[in-house]
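Next come two complexes built around subunit A: one with subunit B, the other with subunit C.
What follows is the complex of A and B.
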């Protein structure tokens, strides 16, 4: 990871100063925020109060930044997996489905081992997480199989599998033998959700400065380190990078596309599934229960984080946290009278803004190189 | 399984199911015709979903403002084109990754239309049906194809027009060249990224019309979930059709029919598992691609950005 960064920056140094880069980012982000503000003002809201609500809802109000971290963790986990598959030039965009299947498998483990058989909490927690990883890996594995055995573009298969995943989970949520919670005493109608994860099997979240910080943060940071290390410092990561840059070179140097690409795809699914399991045991989503809308766009958000951070782990951590802030902050928007959907718009504009500077610089770099080559040819 | 087969038999002989199959196929067709042109030029235009939704919302707003179906369709086209503008310039001007841009646009349009829908609450109505004389008297398919709200009829000329554009004009030749060998096209003086942008604009135009058709011609009101992944199925139809227009349309008819099962099977008295019915189009799409994807050849430079001199 570090060597790649250094190589990239050193090639940039010749023509682009870092001040220019920063200025470009500042400009495009400011533009995105101004557009958002304009939209709020145009529809009769006040941009100032919206910002205040977002900040207080995500960071400054008591207990909120703990929750923001609880949301940033699954986003980051999804992003980490996506960084791996993107490194192999695979376009996995089905994390939302992989995450949901992971959460579904985790919930199955929780219901059957935890609620029914009452295994010890720690064992159940590990089982939930393992089931989540397996579920996500399996769901991505389908796309990998279709890609390498049947030549189906993974862009589309992963996407279609998202829609199928939500129906599979909906199906399981209607069967008591699978996930559906049995009708409780004094409960009139059966809601489509699972039993809550047993208290002993939940992810512990110790209180730090008045905020409950889930231990899954440690898990995510560990995973971030591992991904960065595996990609930058192992032969496997090197081969995957070669495959991602030039499939033909990879083939000639003995890197089997199906094997490395397949593993990368399955890994990215496993991370999404892990994110789903972590969401289930973390409690910030659905209150320890799996229900129909459980995935809550975390898969999509994580995917965007990975793509915007352009395969680098550190920026991914930062961007995941910022997007999580937008999400927890949006909970406080209701008081300002502005529709909370506005945060989706802000998010999209921010991502587009983050795409512009690197693309601009890349294009300029390419053109300069080409111009240099051309003039050399002429002389 | 026997139930399913018998159900399919009943469905095929019921006129109402033809109507709903054609309706879904038309929606997919609106998306897929433009997408086909864009993919011919080398863009896998994932934002088709967002274009459809933008068209649907803009169509609703257009109808709310003008109370005219024609104006609503024009608004819809404009909505689709504005999404296309962002996609085209981000991915073939700035050379940002087209999938990232497309996904972001899908989410952004979903958020923006939801936000504005809450603010504006456009009032819409379903357009009346216009029967084409003689044609609508054809048994079975007459009502489904030729006794529909008129926006659907826009699709019929669009299909041959797209074919003519791509295969019989200089512009189309350049578009295909750009999609196959951008470097060679560039060397022979074709503005690669310009042609790609224009193709995406066409996709936006046709998907925008499709979205407005969905609001005005089919449902009669706007809802953010109304496109619900069908844009992706339209993209699959292009791949299923092996990047030929004929195959693409065949894909739209096939996937449209499967999509309509959810509405039409209960209509003829069959109770099938709801989750199965909802996921069936996606499963069929996947299976169809697993069978056919190996036999077709994608445009040589599909989804590969081109960075050359300014154009």
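What follows is the complex of A and C.
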């Protein structure tokens, strides 16, 4: 019924091709690896042996890739939650604290239901995980409440809550009524840690090809699928995406920022809390006991993974695994005579390498968009 | 108007273009000593561009600027200052956490002398009736006093020509009156020249000696203020342009009241009201035009009708049911469709696809179990793309890849496909080409013919006069007048735009 004005054509808009994207990533990663090799050689090591050690420590030596997966799982869980909050344009950077509180709540369930009341193992395991989720959700919920009731920027509140979280857990670790393990027989001083999670309540880790693979891997992959599906295929994900891109459009079309943003934030915390609980029952961290420093930077690493994967689930799975490899692999570096901390530098370089291409692409896309819009509006 | 004294500043043939838009075309202007010169015009008439050229913020494409008969080149505000020209901008540029004297001292390039600066503020303030405490923190001052600080800051450099760009835009009537008193004193006792840019008829007649009226970048009229009447100025400002588009006006309505806005109040800063007891009713089947100079409350009203902000008083009733203001999606759910003034701000999500943008409120795509019904989304998107002639590569095309006109069609398609009862179209043709404008106007008429109540908010006098059955005029946050039938003429409209009700 209407006439189309042919003067306005929209066919000549080109997006970046995937070949360009891949080339960009390959180039930037190669550069990072070359720099790393240079650094190793400069500090008196040999790049070849370092690579060998890393691969052997993370994958090929007996039992190692099982452990790598044990570390990749919580990283991925944290990243998945962060992807959800980022979709709503919320900047949650307090995963480390949410994870610690989650682990703390899980440990409380383990100590009181498992060690004291001797509930059946399966029930305790479920309780630990549920408590972890609740704890993380609660901790992020505080930030969400402050954000939507008092307009406190969530960047600040989540970050500051990390410091509070470690104090809260440290306090609980000094009270026998809360988390502290009672003085054992023949023990001179009490170490600030909990009793170990009862064996029956630990996450089963069946042996596959000589590696103990924690069942939490299944949990994490299932969660990854659910997050990807929820964001792409549900009305809830659609609304959250609208909110994240344009809060005014969202408000106009009936998306309540406090509700959707709040849920996204709490979900993000729940995932971090789940990661904490999984770490506790998985045994790769702290040998089934909660102690100070239990979070071990997994929260920060997960945040990094979400950042590098630009909010997409599949790349997040991959990157979580790579970062876990670097972590387990670095354990084997001592034998090569290279400073163990070199892996921190390599990790930093790799992350930079992964962050630069998306930043470049974003800038370029934005410029094209603006150029396209400007030329169109004047026409 | 001819004065005996030679002009301080004379401008000849000044022209400035932005791309294909001509902001000022061959403008001649003479500012004489000890006189206040009013520059009058609608939004976009080129007033501010002209003044910005005088202080070196824009470089003219053609024309000359003479000071005391000497041609000079002004390429930046520092040049302008050396020639003795200073400008107080409409949007104040003060550093809020700093004190008054600190702000006044900003931009000095000699050693800071706090005592001297404080003295200057007090001395100049007393002399010209612009007193202000030099030690007060700017953030604590009301707008009127902040503007005083800005003027004192300029005066301390001892300019011969002082340009004031819409100085009363944010002032209360009392504050404005005080300001004009000070300006008179400044000119008479201080031996200075003032150029006063404004769109308010009354204040220009009251406060100035000479008046120049600009329309679309061209000088339309030069007159002495004593010879000017509000009528003659209004007509000069609005003009009698030939009607560009032959469109029929929507038929006068006899429909029932659909939307009733009563006593709407939105509070602003400094105790001002952005909406001040606004009353408006829209009937089914009519197009009501809403005219008004920018910042007289139109944007606040549109935001309220878009559920983007709540009322501080009054209510909005649709079909006699009260609609909650400021609640997410409430207006839309009640049946109020909105084409927002800035589609990128609240109309579309550039990063999402055309299909997703067409389904923003998601009722048509909601499938079972909270899932998106992808088939329904695609089918309805394809139908709307076809019906509204949206030119894009398909439903999955990213929104940013569409031209402005086609983005506007997406907004229109989405808003109309839900069978609303009211359509609010805010500056719907702004920035669009002729074809897209015609399409949009047709759509508005068709909507009214289907029985929708349409509110067309616009700056385009022609658009309003041709499309609207009646025109309401916004001034200081409320409707100050309404023109129906034969009353809809340019002079009356111009008077109302300038705040004159009689």
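Note that the second predicted complex is superposed on the first by the 352 of 379 C-alpha atoms of A that agree within 3 Å, B and C clash if a C-alpha of one lies under 4 Å from a C-alpha of the other, contacts with A are read in each partner's own complex, and residues count from 1 in each chain.
Heads up, the rule we're going with is that a residue touches a chain if its C-beta (ideal position, glycine included) is under 8 Å from a C-beta of that chain, and two chains touch if they have at least 3 such contacts.
All values reported here derive from a predicted model rather than from experimental measurement.
> Examine A:252 and indicate which partner it touches, taking first as subunit B and second as subunit C; both and neither are also allowed.
It touches subunit C, and subunit B stays clear.
> Does subunit B (first) or subunit C (second) touch A:161, or do both, or does neither?
first
> Which partner chains sit in contact with A:116 here, subunit B, subunit C, both or neither? Use first/second/both/neither.
neither
> So in the superposed three-chain picture, is A:304 touching just subunit B, just subunit C, both, or none of them (first/second/both/neither)?
A:304 contacts subunit B only, not subunit C.
> Spot which of subunit B and subunit C makes contact with more residues of subunit A, would you?
After superposing on chain A, more of subunit A is contacted by B.
> Please output the residues of subunit A touching subunit B within their complex, sorted ascending.
Within the complex, subunit A touches subunit B at residues 39, 43-44, 91, 93, 146, 150-153, 155-157, 159-164, 167-168, 170-171, 174, 297, 300, 303-304, 307-308, 339, 341-345, 347-349, 351-352, 355-356, 358-360, 362-363, 366-367, 370.
> With touch defined as at the start, can you tell me which subunit A residues reach subunit C in the complex?
Listed in rising order, the residues are 1-5, 7-11, 13, 15, 233-236, 238-239, 241-242, 245-246, 248-257, 369, 372-373, 376-379.
> Show which residues of subunit B lie in contact with subunit A when the two form their complex.
On the subunit B side, the touching residues are 44, 46, 86, 90, 94-97, 99-101, 103-105, 107-108, 110-112, 114-116, 118-119, 229, 232-233, 235-236, 239, 273, 275-276, 278-279, 282-283, 285-286, 289-291, 293-294, 298, 303, 307-310.
> Going by the contact rule set out above, which residues of subunit C touch subunit A in the complex?
Contacts found on subunit C: 19-20, 306-308, 328-333, 338, 340, 345-352, 356, 360-362, 365-366, 370-372, 374, 387-389, 391-393, 397-398, 400-406, 431, 433, 435-436, 439.
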